[in-house]
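Structures follow.
Two complexes come next, and they have one chain in common, chain A, joined by chain B in the first and chain C in the second.
And now, the complex of A and B:
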């Protein structure tokens, strides 16, 4: 027995907001309110693109208490696997899509005395919702937002107007301005929490510096959705279903399993939550672990794989599915 | 559905009884003739025959008014049965919303909730409460939102905060517990508060349960049943009051088993809360006397077999040691050895 809590929505509005960034507003087709969510949450958007069903995670950026609709912002990536290209070039206002319930893998710590957010590029989106909630709850926060050029940066003007330039700091690559990470980190009151969302290099750089400055890891938070990296095609043998399926070079194992009509559990589809953890029965090849979830010893054991982002280098892998 | 609320007690003269209809709706916790720990969670969706405790997400029954009166007595003697750490305020409002909306939707004769933006109007007819307040503004309620609503909802309520890959017991209202203490556990994480449970750690139950709960989704609550036994229909079997109920366990005789010995079932439901991302853990206690239980022949047979074959560690941990032999002996009269049907519901 499972509960189907997916929500059918209509694209109510598409708004270009910056270079290669569009905002999408979704409202329910059944007229029901959207669930309230917590700042930092994401949804999975299911898109029917011709024969292909695409499911991608996007952070919610609208006000968490606004039940009239959800908004996301999407960057058109250069070598899109299909999701951002579909949303930017094919999706029209009035089209229908399916959304999952909100899931939060990037919540803020409610005990925090102060919250410092660092965003790179499109990594701004979860912070938009977080700041709405923090402002409502009267929490101390500041945002440091790095953009390539002022025209690439989405929402920085609105944010400065709403929260004031003393709380919203913009750093523009093109103007040779960068987030002064060391200066921000070295002198903060006890109970301050740090949140980073942006490119992988930015996250590891900032978190590494924070650890060097003596920040406890419980006060450090980050979110990065991995797109499943491409690789060579291989076969997956599903031990329980007694079937063999092909995984194409730009497909994840999870996507191939779903395309074959088999349900597998998932939540984030980005290697973070652990929901799609699957037991490896045997592997003719080498596991390529791309997730943030498994511990190094679990990865080394060769017994588990996160099928949303990881794959194998070799011929075939047998999974307990 | 109009409920006839019983006027009864869970202490002193112990006038608690289940009506025949309430016996049939009891959430009997054994789906087979034996018992061992498992991560026995299932989606918390309406289920069971008409009238069963599984019909509504937040169950209200004929004991509602008396249970709320008993809770007020416990709190008067020991205010620390309610606690909420300061960072749990968003979760308190989440809980108030969930309980008010669920009770009003399922029992419109008894509860109503109307909203005008953030201005809410709550009416609880059985308890005679009529409250207008501003959602999100604790100063508009006579007490904190969690205390306010859990004085009006059956069951114990724990709110666990999720952070650092663990769950933390950071708020709760606990007055109908099976020998554990919120005051002792508040601020503990999932492994710490489950520390005393035997066997389950070794078979990895808690690692699996935690992993499952960390990914609990909004809109998809889950439930499980847990159980123990209680002598006399006492809701407040707390460690703080052990001196009041512990000695009762030595009072069981072959003659009084049917009336004194109770199966105590906990219907536990777990809910991801929307604003706080915390998890609400509802532990709803149901009591049934042995003489009431055996009016359902399947349950009489099965409970006899479960209790007879229980592993020694569980007998000890659940505190059944002294009165289990007399109870098994008494129940054996209701077990004719016939096979039982699968599942928890009466035949």
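And now, the complex of A and C:
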């Protein structure tokens, strides 16, 4: 629910891009234009995989002003919960899917004088759309892009051709080249903003360094969508709906609630946006907070849970749903 | 008479030094000098090695705060004759500053608002500027009718120094203009404005 203006789309093209990375192009089945979005936005892709309905967030990487279709790039992850495996191995050109409207939790700050982006691996995708927009608007930017090997890295050649090697810097693990974070942070004009997208360790490492270099938190931006981590099965009691639902070990609370036919609010499904914040009435067990949204004291209070990624270790939790 | 409870009313967090900043830039007016000398006494004076102080005495010239600031031994100290001259120098310094520079501003709201205007134009987020307000509660107010700005307004209503209307001072604040908003109080029946109250002494 939350936004029920979903768009039915056809898979117009599937393109292998790099090792384990494929690009998917979606066009509307009704021939209508896609909404214009802003660089950094994501969509929720709803996939009907046999009996299971999967809904995953993916950053849009196509040009924000291009209304003919949307493109995403997906990494086939090793321990896929099903989403990336479905997209890579089952989805075919011509199949239909449902997309949400675009939502932007990772926009660039238009007041900034300069924009520095740091991407790790598939974290490149939101920056593809951001750079399109920044180039169009004539903004100063540079991208520092870390890849494991040149063949693992998606789009780096195209990006260097388009924006020039002076703005697109590639660092390859296999060649023992790493983003010189300290040197970059040390010498930037006032009003510079920093954006990081990649693995959790990279984000916390870079943002931590930026803080020690005296960058104010208002100039630091990051995005990481979490997959709900698995755990032991437990029960959720819904106080308002007066229902008890089983949450399986590979399911999130949100997914279990939806599978039972109950609408719960959500936006990003990745622990980032705060839309699915739910009040905990009581908990027979221990809350396992996995989100980026709640503050540490809110997590410690035991009164709130983000049902898209967090779960409990124990028997049952009663939620205000 | 005051229209309060408006969210845009700024709240100033106080002048605490960011230990991570590589450079500290202080824009201080009048008793704002005390905000810095007290912070130096509280947090140790180490940060002053990398500090630039711009100071204008304004109304507290007699208190010789500039001597106390000079005695701090900051990297640079510069005494400005007037607020506009200080703001001009601040603008030039911010234009050459690097990330890792933290800006601190004190002391009257009118001065804080004007220094912030300068800083915002350099792409600094207002929330990352550390401000301290003490002393007079006098306000810088914009007449929403003629757009004239009047400094050091202590009463509400007050008579616009530009167009002569009686203006009610609201808590509605504009960061872009660096001023509170004043709205005509006796538009229906000119001449019936209530007596001014000294609300911002």
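The rule we apply is simple: the second predicted complex is superposed on the first by the 318 of 321 C-alpha atoms of A that agree within 3 Å, B and C clash if a C-alpha of one lies under 4 Å from a C-alpha of the other, contacts with A are read in each partner's own complex, and residues count from 1 in each chain.
The rule is simple: contacts are C-beta pairs under 8 Å (C-beta built on N, C-alpha and C of every residue); 3 or more make two chains touch, one makes a residue touch a chain.
Just so it is clear, the structure is predicted and the values come from calculations on it, not from any experiment.
Trainee: In the superposition on chain A, see if there is space for chain B and chain C together, and answer fit or clash.
Mentor: clash
Trainee: Just chain B (first), just chain C (second), both, or neither: which does A:187 touch?
Mentor: After superposition on chain A, A:187 lies in contact with chain C alone.
Trainee: Tell me which of chain B and chain C touches more residues of chain A.
Mentor: It is B that touches the greater number of chain A residues.
Trainee: Going by the contact rule set out at the top, does A:35 touch chain B (first), chain C (second), both, or neither?
Mentor: The answer is first: A:35 touches chain B but not chain C.
Trainee: So, A:111: does it touch chain B (first), chain C (second), both, or neither?
Mentor: both
Trainee: Return first, second, both or neither, reflecting whether A:158 touches chain B, chain C, both chains, or no partner chain.
Mentor: In the superposition, A:158 contacts neither chain B nor chain C.
Trainee: Check the residue A:218 against both partner chains and state whether it touches chain B (first), chain C (second), both, or neither.
Mentor: Touch partners of A:218: chain B and chain C.
Trainee: Quick one: which of 93-101, 165-173, 201-209 or 237-245 on chain B sits on top of chain C after the fit?
Mentor: Only one listed stretch clashes with chain C, namely 237-245.
Trainee: Let me check the overlay on chain A: which residues of chain A are in contact with chain B and also with chain C?
Mentor: Of chain A, residues 109, 111, 218 contact chain B in one complex and chain C in the other.
Trainee: List the residues on chain A that touch chain C in their complex, please.
Mentor: Touch residues, chain A against chain C: 109, 111-113, 185-192, 211-219.
Trainee: Which residues of chain C touch chain A in their complex?
Mentor: 18, 20-23, 94-95, 97-102, 120, 122-125, 127-128
Trainee: Where on chain B does chain A make contact in their complex?
Mentor: By the definition above, chain B touches chain A via 42-43, 45, 87-91, 136, 161-164, 211, 214-215, 217-220, 274-277.
Trainee: Which part of chain A faces chain B closely enough to touch in the complex?
Mentor: 1-3, 5, 35-38, 40-41, 64-65, 101-104, 107, 109-111, 133, 136-137, 218, 267, 273-275
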